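By written order: A, B, C, D and E. Residues from 1 in each chain.
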């Protein structure tokens, strides 16, 4: 470890704000980029599930896989 | 080999493949990013001239390297889509663009932040920063073109053409910006050969570059999966996959 | 049997030129645009001849790039809208050649004309006389590169409703080397250096562009015809 | 994509389906056009007449599935006439249709005379009336050597006399061994006309 | 020859000619016909034009910087370890200007071999090392020991 104290780590001889800002923004972008597709996937799969359930109910659970009519 | 390529082109197979890879990649990448950052921030020595501000190199350089490589990945996907007409390549190309743009953005912002303590200005028309800015424009162009087309199959083909043109252009752009910069600012005048970086600083940098490559792959796979869920929502395989 | 290649190209160029000559406004309007924008710079920067001479290569080249962009957006527009493009796409000759003939005639009418008129702008901006041959040659070569790049952008956006702005968005980053080499050549010549290296680079871009850009433009046009 | 065309036929469609964007337009279109045949594609608006014709010509390839075999000697005329308003009639027809031929002036003048535009050879197209401009476009049919003609709405915006003229030209082409596939809303009465209703293939 | 084949041959020839032109022009440009700056060795050898605006680039010789006492004039020597050029400059030097660092000076070369700069640009180089390593390297840097630095008067 190069630094002696947590305060020194934070301060980095005056360069702390720059270094930490750069890492902070990067972390923010990475988290955003990770969360967006995950949220989208979850939203999509939820939509597919509800659609499926609705159709199962409508067809009285006799739906066949793959043999569905294309959208009207 | 061919069977592998063929399998990659089939959405159900790819979906399963991506799910497995993501399961492994996600923790590995996060761990590597964390380890590399801690190493670079806390354990690597400061630079003899720039002091601690150089620690930004551990995100700036990896982001820039991967952002540039990402453009080539996108162009290769475009080529595959144009030549072999594999739909999956369209999806890949579409997924790479925002990831590459985000990494370019990271490189630009961290470069600007680095510039403040080093050069005394937030934005400096440095050769590499300027090249990154143009790369950012190239990514934005591809994304804008994709959005402009209503027919997404045609959009993918158009973006493929554009990204291939960009690929031919990128080395020329980089070289020209380098010369431009040398005309107005001295490029680092080297008489000792390659620019040198001390081993104690290099290893965390290499780790971070690896981690960013992993991050890139992870983000692209996540985006592709999300895209598949959207386009194949009517497919039986997807329904059974989600059950 | 497909008719002669040369005849096809000649007829294509002839077609564009004779149509353009019947409406000379299309040739002169970009020049007037150029003149007006060049006038804006002394008004913005101040009339100091030394300052202007300093900036002259950059000003002329940036304005040349902008005016080339504004004309590029119309490159395939007419052919797309009246159905000629469909016929060209179905013709036995490669579509790339048709695209190339279009670019070449466009360049003759915009870039070459601009280069011929450029000494006037050089004089307005107090550019040293020794730089003028370089300026003209660099504009001849550089505007060909700009037309070729613009053709790719135009081919990809010709079928879109809001193609104009998008075209600039796509092509400006690709034209960076042309701008740098062009300004480099003129700057060096103005300072008394040898500009041949920069001119050679512009020539290389033009030659390489003549091979690759028509292919890319043709691919783009085929995609646009799908819409 | 172009499988061997059956001997003696100019166009074969086998189980062709069309998609535009995410929407499926047509499914299972099957058609065989031999020589000396006159086909009209009918169907309601948006049924995919134009799209099918463009797919046959090879202009549309995205979203086209199935086998399309087509003679290489063909002429395609879309909605758009492909006329340059600033060029004269002669200049416009010099390089005509699908670019098959460069035509001698004499043939061009004959074609212009056939569509009733004798004396307008050197007039700039922009100065002609809309109906006359349509006729300049139609004059291409008098210049074409192609065996298969693909015409999109050739009958729109021409007067009765023009319609008769066009009908006789189409039939002359057929009796010379060529074939025509055209789209039209209006029912037309021509000898030997065969009709393909695209509504039956709607997906 | 078959016309279709002849046509293809013409096109192929066109592509070959244009591509080789591009390659030839690039190699011409790269063979030193782009002058970003003259190294001092060329200036000493008389390859740089006199009384014309040129650029000279190199390292500032250690110990050569002399600042005038009454105005902003600075004199220093620039070297590429093969030749030395004396540079004088009046004006404010950039912050990164330092002995042993790279500079590019634009200005005019006088007949006596001295260079009057109108602009001096400086930039840090791309070496990253810990302070201890830098210290250890100090005595060994080519700019100080091995180089026969000339004292400016």
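Methods note: contacts are C-beta pairs under 8 Å (C-beta built on N, C-alpha and C of every residue); 3 or more make two chains touch, one makes a residue touch a chain.
The shown structure was predicted, so the numbers you read here are calculated from the model rather than taken from an experiment.
J.: Counting one step per pair of touching chains, how few steps separate subunit A from subunit C?
T.: Graph distance in the chain contact network comes out at 2.
J.: Enter the minimum step count from subunit A to subunit E; a value of 1 means the two chains touch.
T.: 2
J.: Consider the two chain pairs B-C and B-D; indicate the one with the greater count of contacting C-beta pairs.
T.: If we tally the C-beta pairs in contact for B-D and B-C, the bigger total goes to B-C.
J.: Would you kindly tell me how far, in whole Å, the mean C-alpha position of subunit E lies from that of subunit B?
T.: 33
J.: With chain centres defined as C-alpha means, what is the inter-centre distance between subunit C and subunit D in Å?
T.: From the centre of subunit C to the centre of subunit D is 36 Å.
J.: Multi-chain contacts only, two chains or more: what residues does subunit D have there?
T.: 62
J.: What are the residue numbers in subunit A that touch two or more other chains?
T.: 70
J.: Specify, in ascending order, the residues of subunit C that touch 2 or more different other chains.
T.: 184, 201, 205, 226
J.: With touch defined as at the top, which chains are paired up in contact here?
T.: Chain pairs that touch: A-B, B-C, B-D, B-E, C-D, C-E.
J.: In the complex, go through subunit D and note every residue touching subunit B.
T.: 20-22, 62-63
J.: Would you pull the subunit E residues touching subunit B in the complex into a rising list?
T.: 34, 36-37, 57-59, 80-81, 95, 102-104, 121-135, 142
J.: What residues of subunit C sit close enough to touch subunit B in their complex?
T.: Its residues touching subunit B are 152, 156-157, 160, 162-163, 166, 169-170, 172-174, 176-177, 180-181, 184, 187, 201, 205, 212, 216, 219-220, 223-224, 226-227.
J.: If you look only at subunit B, which of its residues touch subunit D in the complex?
T.: Checking each residue of subunit B against subunit D gives 150-154, 157.
J.: Given the complex with subunit B, which residues does subunit A contribute to the contact?
T.: The touching residues are 1-3, 9, 12-16, 18-19, 21-23, 25-26, 29-30, 32-34, 37-38, 40-41, 44-45, 47-49, 51-52, 65-66, 68, 70-71.
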